[in-house]
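As written, the chain order gives the labels A, B, C and D, with residue 1 at the start of each chain.
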Amino acid sequence: MARSDFRFFHDLRVRYSEIDGQGVVFNAHYLTYFDVAITEYFRGMAFDYSAYAKETGLDFHLVKSLVNYAKPILFDAEIQVGCRTAKIGNSSLTFILEVFEKESETIYSSGEIIWVNTDQSSHKTVRIGDNLRELIDRFEDN
Amino acid sequence: MARSDFRFFHDLRVRYSEIDGQGVVFNAHYLTYFDVAITEYFRGMAFDYSAYAKETGLDFHLVKSLVNYAKPILFDAEIQVGCRTAKIGNSSLTFILEVFEKESETIYSSGEIIWVNTDQSSHKTVRIGDNLRELIDRFEDN
Amino acid sequence: MARSDFRFFHDLRVRYSEIDGQGVVFNAHYLTYFDVAITEYFRGMAFDYSAYAKETGLDFHLVKSLVNYAKPILFDAEIQVGCRTAKIGNSSLTFILEVFEKESETIYSSGEIIWVNTDQSSHKTVRIGDNLRELIDRFEDN
Amino acid sequence: MARSDFRFFHDLRVRYSEIDGQGVVFNAHYLTYFDVAITEYFRGMAFDYSAYAKETGLDFHLVKSLVNYAKPILFDAEIQVGCRTAKIGNSSLTFILEVFEKESETIYSSGEIIWVNTDQSSHKTVRIGDNLRELIDRFEDN
């Protein structure tokens, strides 16, 4: 994929605490980058996750993560994490994430995160409401 | 998969620092658990990774991680991470990992990690040597 | 201080994820080691923290941490974290922690953690009950 | 201390991965915030740490950390970490750090970090050079 496939990017700078003994970002921290990017992606479309969880009694659970590590990321690197919703299922959201070098087409990593909409009391999966579907569709200009 | 599919388990207890605001292990820490388990898996077969890297000038790079999150893991939970080599490719190793509740068939998570054998100077992929292939085959009783 | 100053040790092995670009344990992780050691220290004296919090409506808040870094800790090092209660105040507990090389008097780090007993509803500090005082005194053989 | 005691602030937003089971930032992450703030503080005064380490063969080792936790920090909070050099010793630098609520005098945390200038080969402490002393003095307007 290319930068043009994303309408949303979150900028990050690599912290020293995220570097491992090989001098590159430790593999687990990519999932933290993805998590931060999804949080900011929803903020970007003015979706208030906390209010949603409180008002509806619903919450999203992460059920799958996939990361491809294409190129090591060094300390202090300025990166941009592209995020988009690839699929809105009945109860699931599939996000595509891609870590770019700042203002460049160089790809450090690409990945996928799947969330499932869940009732906090019954722990059953629940259909994603029309409000959120429309919000995402409008933001992604689908 | 079941416990009987693994010849190696690494025991861990969930740290409070690994718990997130939902009271369960944060998704990125599963990759840390996998990383620790692979380290111990190689120790279990008496493979000296540090010596290997120094003597051969080779090193493994993680190129892919996949995690399925089946059941949330709570603070203080005693877990067992099963690890086995699913495939020895030309230059790659594919590990299957599975997080079990202690002494139980309950599965918290399953995943896959792929490593690629790389020359530290040229950064090119290199065929995995016969020594390591035999070590793994003997350990896994293939 | 020496090993003989501690009645309790928690054994840990350094994870690769805890190593930074200088090849040594990143400074923040010492606090995670201390946290794990205090959890295990209470388990060692059969104090059920979760039950305590639920039954009494009280909880401890960490209000101070101090770490002295004496000697860098390398990847895969086997360490032992000594923990003892240095002082039981009206509402506070002061823990002394010391990280030793396994079965050695070599000290990697020493530190101090202070907890304050707090009412979860009013958020006010509360006197530590006699049960917990006696439990600690007996365990420490004061 | 107050905001006016600092000439440098680094802005951060709390990540979900940094929240623990009590719904607040886990104590160890404050040291990561401090570490990031010191990195940005030096960038702010145009001190090139990497070049310094390479050219001089010197490096700084963190020898002490102290954190006071005044007020819990919640998920998504926007914070500002104030950083200043409190003392330039013969071979040591003492930093004062303070975590403020964004654009407010509310203090979440205050702390101290001590670094020692060290020769990377001999591992002996070394006097801090005049260049760096002057750079800090000018930046802090001492």
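Here is the rule we go by: a residue touches a chain if its C-beta (ideal position, glycine included) is under 8 Å from a C-beta of that chain, and two chains touch if they have at least 3 such contacts.
Just so you know, these numbers come straight off a predicted model, no measurement behind them.
Relative to subunit A, the most remote chain by averaged C-alpha coordinates is C.
Residue numbering shows that subunit B and subunit C use the same positions for more than half of their mutual interface. With centres defined as mean CA coordinates, subunit C is found 35 Å away from subunit A. As a whole-number value, the distance joining the C-alpha centres of subunit A and subunit D reads 29 Å.
Our note on geometry: subunit C versus subunit D, Cα centroid distance of 24 Å, whole angstroms. Across the assembly, subunit A contributes 16-17, 28, 32, 35 as residues in contact with two or more other chains. Chain-to-chain contact here is organised exhaustively, every possible pair of chains being in touch. Across the complex, subunit C meets subunit A through its residues 16-17, 19-21, 23, 26, 28, 75. For subunit C in complex with subunit D, the touching residues are 22, 27-32, 35, 59, 61-69, 72. Per the touch definition, subunit D reaches subunit A in the complex via residues 15-17, 32, 35-36, 39, 50, 76.
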